[in-house]
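What follows is a set of notes on a single structure, which appears directly below.
Chain nomenclature is as follows: A, B, C and D, assigned in order of appearance, with residue numbering initiated at 1 for each chain independently.
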């Protein structure tokens, strides 16, 4: 017992970490009092950490330091503007909170043009796939050509599935959309299959934490 | 014309900055009082104007011609400030979220509702994290740093990892239940997942590792099939989905920016 | 009665599934199992690339990962460091991640002891470096200037390990071990500058598909694909370690999932035949 | 690409043209034109799921994802406001755990408005909308606990979901809830498909509020979006032909193909 206590004192983080791990893991059997207790601690710690992060990463460097260390006093207006959020609980002046909310909406919406251009335009030009491909030494690369053809076929048929307003009367569009849906299922299956590996690695890591780091039963 | 304004908003020496801050607060309060008395019919246009103005900054910054040498236009230098402004505003709502936690759990404790001790644990953990987290950053107390380390590295990080690892269990039960040869779609989903799973582990790879590389049948090796699935089929399908999402996002952004959006929040009389 | 057994196969209680999963994950920790290893070409290429570096060559290992991906990235880091030290290369480690700095430092110290590597002479740890792209841009032109201090704040200028290293042309290989898509920045900013430079990348398994195009183009010389890649590398080094154990667990887990899918479908068919 | 003028033509042809078409369709739809939108099965299931919760007398869960405040969260709230109008009518209990404080702030107002619009403001319980945590897995642990404790009857998950998607969907499945989900994070769709009853895919998500509300403005936008997608399909096809003729070494045509590709070529990130 004495030895256990000494061991605990020498590495309390590992002990508490292991207890937290076991408590949360009990959820897979069923929701229980221990899980519930640790779930609340988890949320509490996370909320506390968010507050710390707010002070450390936002209020301090973006408000306190600029205003009181660099003299950029105009940030005060931003703070006052932000206070309007708190009118949300007022029955009569509730609408004032819509000003900062609207501002944030506009901010988020306004960035879409750049994000769209950055994300999708390179993908668009990359989709211009030649169906006739030659290797650097001049021979015809049939496999690459076929792959490019399949690429274009999949791209167009999946996109045809996402047309909402054209009534899918024509058989060509209907079967293209159906084919598109099937190909999407292949893609989703493949994503599912590749993800298993990463998740199992996480579980293995947890077990190694319990049996290796904590109990020291494994090397 | 612009110069006095720029002068006025320029950083101020530290000994007078407090006066400017107080002035800004007083001015803001006056504006808020004015706003409180704004006629109802002007409220929506004002909100639309604020939304439009906020968006206009980024739109103009993006579309305004640039100086080829510096790759900048007259707004580019303000991007950093804008993103700080956005984080500051969004950060200020955290208090509202924390108030929600305090309200729900404080009430549980005060009324001794069943499970009140859980709520107490939550609030205690929160306070402890705030105290030791701030001390870790702003003081040199060695014990505080140690306690923070136990709370953060010992507990919080391990709890994150544990919840994350639970997905391993759920992925097993989900695939057992969902991957049945029930319909064409379910069968396709299952087959693709099965093939990729085989190609992920040595046991599966060993099944086709006898096929000679560089031979005609090379493309039947599991890892080659997997790579083909992921680079040709998957890439094309995901890209098609992404194009749709991109256009959809663009449309909603336009609707919100120009206050054309409809629906509960946007149609309510205020 | 026989029929109902087959039908039951499609409604196995989830707790039984979870117990089975726990068993297959834990068992290999205690009973190492030998599974066939197939070395992927990408792993072999990375191994060969490190093999081809002349003795006393200079390798930079960037360890951009944190506790969340420890299971995959730690064995990769160990494997690549082990290989470099086996070959007596000069090793420089650093990280774009705070946690990754400490983790890679611990690993490197342990292995340095094992291989008799002397700090400052045979290896160095440059510590945490925020702002990846800035660092990359600057290390291309000036390595001693970019990494003027080590993790401890000691100046690196006079460390023998850095002798003759001025810019990217003096580096033989860079290996990035990461949980993110940081390889794009390396490829964009560093890799093309010195055509002789070998750039290896060790991603987590979910990131693997994103590396294929760059492997094909040769911009990435080779990869370790998650934990499986690390296990393959361990077997190339003939030093089975954590990844080999882990791959035992993970392979069994995959087999379990596939078996369960088959069993579920047997049950499904049994009940469908009964109904019709 | 930081500015439009670094590569102005593709920006104008694709982005600006699409934007103009969308606005034009919206404005013409507002002048009253019957518009068609194809069936989205997952969204038809919403009423069924609420109905079942009413029968069972158990709560309805709504999760707006873990993303921050922006267009995706707003779209989720539009869908939830429709659901809330139904629950207000039938008097179901609702639960809405939120992972972002700004989203939480707006969500409370949206749901309150929905109850008011249905004429049952007294049925709205402010505690039904809760900020849990902005930390991914702390939020996940809270929601998983909530689902099991409250034995929810139906679960709606719309918004930005990452790895935690399967935690929600499987725990929901465990308590036998009817589940409808949709997310813009395509890598999570497979897990929703595996564990939910109905999953909406890709930009069905952005069509959802138009589909549910049948509001002419939004339907007009959907038509405009379709034109945008048509434009992209067209460009891809032309581009593929251009790339092919460029490779074939036909005089003149090859040059034209090369020029077309040049027009759109953008340096790949890191390329």
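Heads up, the rule we're going with is that a contact is a pair of C-beta atoms (placed from the backbone, for glycine too) under 8 Å apart; a residue touches a chain by one contact, two chains touch by 3 or more.
Note that the coordinates shown come from a computational prediction; the quantities given were computed from them, not determined experimentally.
S.K.: Using the mean of all protein Cα atoms as the middle point, what chain has its own Cα mean nearest that point?
M.R.: That would be A.
S.K.: Looking at C-alpha means, what's the farthest chain from chain B?
M.R.: The chain lying farthest from chain B is C.
S.K.: Given the two chain pairs A-B and A-D, which is bridged by the higher number of C-beta pairs in contact?
M.R.: A-B
S.K.: Need the CA-centroid distance for the pair chain A / chain B, whole Å please.
M.R.: 7
S.K.: Averaging only over C-alpha atoms, locate the centres of chain B and chain D and give their separation in whole Å.
M.R.: 15
S.K.: Take the average of all CA coordinates in chain C, do the same for chain D, and state the distance between these two points in whole angstrom.
M.R.: A distance of 35 Å separates the two centres.
S.K.: Two or more other chains touching the same residue: where does that happen in chain A?
M.R.: 24, 27-28, 36, 39, 42-43, 45-47, 49-50, 85, 88, 94, 104-105, 108-109, 112-114, 116-117, 120, 124, 127, 152, 155-156, 159, 162, 184, 188-189, 191-192, 194-197, 200, 202-203, 205
S.K.: Do you know which chain C residues sit against two or more other chains?
M.R.: Those would be 14, 18, 21, 25, 205, 209, 228, 250, 253-254, 257.
S.K.: Please output the residue numbers of chain B that touch at least 2 other chains, ranges allowed.
M.R.: 62-63, 90, 93-98, 101, 157, 159-161, 163-164, 166-169, 171, 173, 175, 177, 179, 189-190, 193-194, 197, 200-201, 230, 234-235, 238, 241-244, 249-250, 252-254, 256
S.K.: Per the contact definition, I'd like the list of chain A residues that touch chain D in the complex.
M.R.: Within the complex, chain A touches chain D at residues 24, 27, 30-31, 35-36, 39, 42-43, 45-47, 49-50, 85, 88, 94, 97, 101, 104-105, 108-109, 112-114, 116-118, 120-122, 124-134, 148, 152, 155-156, 159-160, 162-168, 184, 188-189, 191-192, 195.
S.K.: In their complex, what parts of chain A are in touch with chain C?
M.R.: On the chain A side, the touching residues are 28-29, 194-198, 200-205, 207-208, 211-212, 217-218.
S.K.: Which bits of chain A are touching chain B when the two form their complex?
M.R.: Answer in residue numbers: 12-18, 20-21, 24-25, 27-28, 36-52, 54-56, 58-59, 62-63, 67-86, 88, 93-96, 98-100, 102-114, 116-117, 119-120, 123-124, 127, 147, 150-152, 154-156, 158-159, 162, 180-197, 199-200, 202-203, 205-206, 209.
S.K.: Touching residues of chain D toward chain B in the complex: what are they?
M.R.: 2-6, 15, 18-19, 22-23, 26, 68-69, 71-72, 74-75, 77-78, 81-82, 85, 98, 100-102, 104-106, 109-110, 113-114, 117, 127, 129-132, 134-138, 140-141, 144, 163-164, 166-167, 169-171, 173, 184, 186, 190-191, 193-195, 201-203, 205-207, 209, 213, 215, 217-218, 221-222, 224-225, 228-229, 232
S.K.: For a test of understanding, state which residues of chain C touch chain B in their complex under the given definition.
M.R.: 10, 12, 14, 17-18, 21, 25, 35-38, 40-41, 67-68, 205, 209, 212-213, 228, 231, 247, 250-251, 253-258, 260-261, 263-265, 268-269
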